[in-house]
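Across the two complexes that follow, chain A remains constant while its partner is chain B and subsequently chain C.
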Partner chain A sequence: MRWFAFFSLILVQCSLSAAHSGEEYHEELKLRPLPDGKLAARFAFTTLLKGAIPRAPTNLTVNDESQHYTLFPLAMGQLLREYAITELHLTLNAGKWDYDRWGYPEEPGVGSGAELWTWMGDGAPTSIDERWKAIQNAHAGLFCASLGSMDTQRTTSPTRAFPPTGDLPRLPAPHVHRLRHATLPAEHVCTENLTPFLKLLPCPAHAGIAALLAPHKVFDADWHGLGVHVRWRAGKGVELVMTVQAVFDPVRMSAERKRDWSFHSVFDRTIPRSCPVATTSLIHVELPPPGDGSYTLNPAPSTANQAVATFSISKDLPELDVTMKWGEESRFAYPLDASSTPLSDFSVQRTLKGSSQTHGQLSIVIRNNRPTELSVLYLETMPWHVEFYLHTLRITGPDGQQCNDLFSNMTYTPPVPHAQPAMLQAMLTLPPLTTLRLTMDARKSFLRYTEHPPDAQRGWDLPPAVFVTQSASGGASKRVYTPALLVDLATPDFSMPYNVIIMSCTLIALIFGSLFNILTRRFVVVKVDGNVPKVQ
Partner chain B sequence: MAFELAFAVLLRLVLVLSPLRRLLKDDSQLSSPLTSYSRLREGIYLFREGINPYSGGTFRHSPLFLALFSTVIPDSEAFAAILWACVDVLGAWALVRIWRARGRVGTSKRDSLIAALYLLNPYIFLPSLSLSTSTFDTTLQLVSLMFAAQGQASASLLTLAFTAHLSLPSLLLLPPTVLLLLADPYSHLASPRPFNGKISKGLPLFAEFSAYFCSLVLASTVVSDGSGWIINSWGAGLLLPDLTPNPGLWWYFFTEMFDHFRPFFLMIFSVHLVIYVAPLCIKFQHDPLYAAFLLLGVLGIFKPYPTLSDPGLFLSLISLFPETYPHLRYPIVTTLLHLHAFLLLPLFHHLWIATGTGNANFFYASTLVFGIANGGALLDCVWAGLRVAMGEEREGYVIVQE
Partner chain C sequence: MSDAVEPRESPLKDPSGLFFEQPRTRRTIVTSYWIVVLLALPLWWSTTSIERLSLPVSRVHSTGLKQLHFPLQVEFDHNASSLSFEALEKETRARFSSLQRQSEGRLDYLDLRFVAIESTAGHPAATGAYGVSIEPSLDRATVRDRHLSVPVNEGATHIPFTLPDRLVSLLSPYTSRHPPGRFEHLVAKYAPRYRLAFTMLNEDAAGGRPVVGWDVQEAISRHLSPILDQVADLHNFTIESQVQFHSPLAFAPYEIKSDNEEIHGLTQEDLKVFVNSAEWTLSSSVSNDPVLHFILFIPSVPHTPLRILDNDHNPTSSNAFILPQWGGIVLLNLPPDTSSPPHLSEGDLAHTFSIFRTQLLKLLGVSDLPAGVEPADTHLPLTKWQLDTLYRQRAIENAHSSQETLQSIIKLVDQISNMPVGEGVRGDIQNALTALNMVYTVGWQSPIQALRHSSEALTHASRAFFNPGMLALLYFPAEHKYAVYTPLFAPVAVPLVVTALRELSAWRKSRRVATETKT
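For the complex of A and B:
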């Protein structure tokens, strides 16, 4: 009998793990000293569910197989299965990523606030939009963020700017995969998001690279953001990458105004021991270009080449505290010509002009920093609170001439009041080393008094525009986010509902009553001297 | 009269080419979301780019405008300025023709005065300068009344079908127009009598109107490739999706309305417009033109998206009924209220929207004053129209309502 129980247990185990044939966990930290003395750090915790395939939406009617994971977070796994998500990206960022000074981030999703986008197959008994709503609510609960307010008024489907980063499994015809994308530019990221985030890791906070994530240091950084990315790689399996990015300022933190940094100074932690379940555990330090002073790196890296030094955290390694010192520098000198040598291919400024609460003008100044022609995809998603007049779209070159032909291949979804945001996707051709100015008139809407947020006078945060570089050589395209905008909408008087109802209704009743009073009564001639009136 | 017309056209062209045009272009009192020229341009742009303009909330004009402006009429503001001026002159001409039909006269001295009162009425003049398509609605309404006064049934019903198509509340003008076609346009205010036309003859007219109206609906559906325009243009008048301030009574009421009462009050406000038709037509059965005039006054106050040209049409039409003037009870008060509202509306709008030193209540209060002024004018006209029949007061007697 005991043997039977043992065998059946093994059988159950085998059938449970039949869906995937193993799990792998990789952790990686990439540190990049920046020319302006800052230090960009990017943590990536990758869990690979080998051989797994996203649940087919048509199978949502039948009971799913049981979930059993050793490294993959169960909460995420359940969500992915429950709503048949093929690909999911959630980012929570704070601050403005300075592309000109910092170059392109390792993780492209750096728009401020919350951004969530998923690719899902249709053909399920519930609609894509119902599942999208459920996904928001589930992730809002999982990461303590107010993602639930990403309603249809904020959801778009910008397929050209957000293609799947992994592969999409083939669905039986006529079903296809659909994109849902929403941003909440006013969402703040803080320690209540990081705590549940760390709980999903196999080695949270005590071992491995994740030990460096001290909330009070991460959220003190000039720029910081969390990211969760799920994608399916054909032939490999479902991959979950959880990232933390931050741009620290060692100069601000050091008393001597030096850019020297160490794990201890930047993170206030060191790596005490390795994560025992991690297949690889690597720290890459990008080395400054040769002209940038002489520096020392402690301890000696496991491997190093001209550009990158790599530390591999092995099980027998004692406590690790990587230190980088510029010994000859007594004080960091900020590069004064930082803006003249931008690290990005093009620089964008986006502003909403005009002081009126009814009309404004969207202005985008975009400069190509390279001596070659660039082609970028321009994506503008705008809540219906601001409506564009596309017929006023003008592109002017440096000497004032109009060149609307640089704007091509446009797709546009007009906004629907109280329901749907506008979405504009178009190709922009940027001539070499040229500044273009794109302007478009905008109309600001008037909202019902119940649609205003409690702090109505603060205004509305508008989502960032996204530019995607289109490389002719077929290399990876890069997404560039502009900072979010704030729009000031006209507000009604919030204390007035009763007064307005009373006064408007009084006026209507007055006119109605008087009119029918005149219409229904007869005219009579009355003798003034007190005798009986004579009816006509 | 030719001189007045030329002067009015010239004045419009001079002003429309001046910087004033840019100031007025998007003024929400002169052009509502249903009549704004900027939105019309946007719709034409989207249509030409192959995007259905009715898939969003920006464009709410009739598909007939879309067809007209994307094919026949060149898409240039200078041409539009000339076109709008011409349409206004056509309206003035129609008004003069109504006057002539009503008074059974040829050219008279009053023609110039009537044309001038229409063309120089700021409520008509300013929306036309801002290229609001309400100018078209107003002119078509006048042309429809003109044909009805001249007894041309088909022409009148066709123009009325166009008017109702462009601005759905004008549908309420159908009963008085049919009565006018069955009776005569002459003034019977002084001698009321029961309606002497045959009501049964009205049925073919209703049928004819329905045929015109349905063919316009069909044409619109073909032009815009679907019936999406109905909810976007007509539906807007019933559901009020766009709460841009205007001189009317709806916008702030529904900005401040509790969400769960919104459908109820939308229904009340829409049905309320219909209530006036039958009583006014019955009471003024002896003079259907006067009933039509009063109904235009009702629409000017209670329309969902009014512009200044709606009350402006009513005020200009007063010039057709000089026999009522002696019996107006408080013309000075109404005039002063209008002056008050006309000065305060743009001022308070600017204080609220542009400078931020006033709030929405300032502008709302001035729309209430404007509503009182229009209501006062309407009530006074109803009173005077009925009072005419009683003749002059004799000494020792007063005429009152029972």
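For the complex of A and C:
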């Protein structure tokens, strides 16, 4: 027994002191020419803290060990340790990802606005919600985004749609890991977010692949987004992946309306030199399918197969400017049948109908594009401002018949006014090549005077719904975000309080005055004899 | 009352005969309205006024008048010396009081006492006392704990000439070796916990010869840990380190072409703007503890070698500088020809970290030993003389600044009549005062206790000062209140007052009539 205690003490000591055994940095750029002439780019900067373990929440009571980092950003490492975060995902996106035309993104988190979700273990002296609040504030400071407004009115815990992407370390008996998730659809992403983002990279903006990230080009793209993902991979360590995704439109940018692109035309930069600390530094260009015109790729890739050409940036490589040209095309011809051959398995449209300020109807039109039956997880998070009448939930098939049985395994967390959002998770079965229509009545709440945002007339952005494909074959499930909605709630005239004060004061004064007068008035009889009235 | 007994006709003919038309009833109604209004006034007052607890003003002022005194007992062991104790005492006192005059009252807290003892060397001195002995066997002056041992002759100088100077210098090092004001300017403000951030900056790693790693943990534990352990009573430390690979300077270094090489130099003005806070990610946001930065800067290949220039733009031999209260910077020029190691080993860092150690001591306010005096035990880099002076200095500083903070709270609350003062603020102020009193009572006995209490006082005082509750109603002007109240109170008050006056005059009239009819 004593030996056991001694041994476990040594184990604890080891896990406390041996912070990590090395660091690795990988950078990667994936370019994908899309059928509609656009170019999808995804940058991934991966830093691996080998052998590191997320801080156990029970250890938050003791002083943390010294933190020494070479490649891993210190600011990020401190946040992860300070709040004992096991897994964290932050995305800041702008625009609407067109799944039908662009297919699935490399990074699934493409919902517009800001999205933050973390997995944290409990058992710490501070509660998970306190740490969640602190994480928001810390990341808001780190990335210059107003994440601090992700309060309890926006926080949910949709564990089925957002399972951990890495591993969760085992916690002592009663403690478990919990999810916190919040979105801010109205948050804008801009240069002030990219600058601190780049500062966290070992080679920011002057060497390696990150050199391509010129803010004015990235934010000019049709769709763009930043992402920070931290996960723990058992046996490997803590992995930080920082991503930038963008969909550029070379046709719009070129004078001849061609889809030819080069680093210079798309990013306005080239890669001048390699990042000296990157273990691997790769650029993948996905090659268009055969039959999509003949193209040339310059310079020659390091390796290439049927689908992907890969450039490896090495130390002695001269300045790199990858160019792709369709020589025979004089002008890009947009595909006319783009909508008939969607790249995604299913297409979703989500709208909030109704013009009144008190009632509306949420309507979702979802079409299965595949000749096989699909089963998707539907997640709807709604701030309490919009309350659903769950009994009005109807699913109608293409010929108008009701088929509510396609909806199964439903969990619903009702909203708490002024406190907590509603969350609906359910499985939805999509028959092959069919369009389903899902409707639900909603009530729009009347807000308190102080609950309105500064730009109250703009309306409220509602978070996107999320659909998660459940593949039967066991492949990775994909998250699909719908566009965010805007709801117009009854907005008062904001000079109202003073008017109300005046109005109610007048009323009170009036009532008081007449009552008081009646109680204290002296009544006299006036004799009218035709003569002068005589008053007593 | 008299008209109430008039003969009755039909009440409709004479309404004054109705019970609710009798003056008595009417007066009761009016009075009860007024009673309700008057009773409601205190309630209204208490619900609309802000909480302003009274502060212990007189206690704050009386603590402000107190002075800290640290007795310094110097025990002179004149067993084995020819030196006369009286001469030494006289000489030392003379030096000390001249220093006190120069320092404009900043040394008044020290009370020197001299005691002559006859004992053998190694005899444990009284707690907290400083021992001085002359030992002919020594060849140089050494300090062990609180004991200074000096040889009889040191080279050509005879000891009696240097001993008083050294004593004064050891007892009040800050004023005897620094011009007034300069020292306070350099030392970081006291905090119970500092973060030590070590950063290795490659000016441009991609440009060639990057240094991709350093054995920072080993270097810290070898060069800095002994010091950090010794000052553990003063401060706790959080240590962190990072490496950056692209950290450009905000200015172009000055170029000097000498006969065979080109030197890049930092002028004295450049040093002030050396830290490029726009591009370098040095700070982070997880805690509010003050940070002391230690930066190892590796210039890019085109900027190597980088030197510090003097005022005439001539290169100096120094390669490090301190930014007051912020941290220290060391320039490391890699040798140009050799294929330099991409990783700095502990041996490569030895010089850098010995500079960091000096800079850390300066920033923490640790005084140097006077010239010619060495610590006897090399494992403990700081002697008790140095630590005691530091405790005293920090205790004085903290006590002083918490007094100032308390006084400014009193002043602020006094000036702004709308400022709420809650239980938290008052509690903090009282705790600060209690801790301050402890400083003055315990300070006599041990400087370290005084330091602890003064640090506690400072924490409470600044927490009270920054209490967010004090700002709550600061911007709620009186005009606003009147604007809200007038529409209600004016229409209500007019009938109340008018009726009251009318009834009063009617009552007086009826009384006059009654007295006239009686007489």
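The working rule: the second predicted complex is superposed on the first by the 484 of 536 C-alpha atoms of A that agree within 3 Å, B and C clash if a C-alpha of one lies under 4 Å from a C-alpha of the other, contacts with A are read in each partner's own complex, and residues count from 1 in each chain.
By our rule, a residue touches a chain if its C-beta (ideal position, glycine included) is under 8 Å from a C-beta of that chain, and two chains touch if they have at least 3 such contacts.
If you're wondering where the values come from, they're calculated on a predicted model, not measured in any experiment.
Chemist: Does chain B (first) or chain C (second) touch A:A509, or do both, or does neither?
Modeler: In the superposition, A:A509 contacts chain C only.
Chemist: Touching A:I501, do we find chain B (first), chain C (second), both, or neither?
Modeler: The answer is both, since A:I501 touches chain B and chain C.
Chemist: With both complexes overlaid on chain A, does A:K199 touch chain B (first), chain C (second), both or neither?
Modeler: second
Chemist: Touch test for A:R522: chain B only (first), chain C only (second), both, or neither?
Modeler: both
Chemist: Look at A:Q470 in the shared chain and tell me whether it touches chain B only, chain C only, both, or neither; answer first, second, both or neither.
Modeler: Once the two structures are laid over each other on A, A:Q470 reaches no partner at all.
Chemist: Where does A:T70 make contact in the superposed view: on chain B (first), on chain C (second), on both, or on neither?
Modeler: second
Chemist: Kindly list the residues of chain A that each of chain B and chain C touches, one partner per complex.
Modeler: Common interface on chain A, chain B vs chain C: 501, 508, 510, 512, 516-517, 519, 522-525, 536.
Chemist: Note which residues of chain B are touching chain A in the complex, please.
Modeler: Touching chain A: residues 26, 28, 38, 41-42, 44-46, 49, 51, 53, 55-59, 241-245, 249, 251-259, 272, 275-276, 279-280, 283, 301-302, 352-354, 356, 359-361, 364, 368, 371-372, 375, 378-379, 382-383, 386-387, 389-390, 396-402 of chain B.
Chemist: Under the touch definition given earlier, write down the residues of chain C that touch chain A in their complex.
Modeler: Touch list, chain C to chain A: 12-16, 18, 21, 26, 29-30, 33, 197, 204-207, 210, 212-213, 216-217, 220, 236, 238-246, 279, 281, 284-287, 483-484, 487-488, 490-492, 495-496, 499, 503.
Chemist: Quick check on the complex: what are the chain A residues that touch chain C?
Modeler: Residues in contact with chain C: 63-64, 66-71, 73-75, 78-79, 82, 138, 141-142, 199-200, 202-208, 273-277, 498, 501-502, 505-506, 508-510, 512-513, 516-517, 519-520, 522-525, 536.
Chemist: For the complex, give me every residue of chain A touching chain B.
Modeler: So the residues of chain A touching chain B come out as 355-359, 384, 387, 389-391, 410, 412-418, 420, 422, 441, 443, 445-450, 490-493, 496-497, 500-501, 503-504, 507-508, 510-512, 514-519, 521-529, 535-536.
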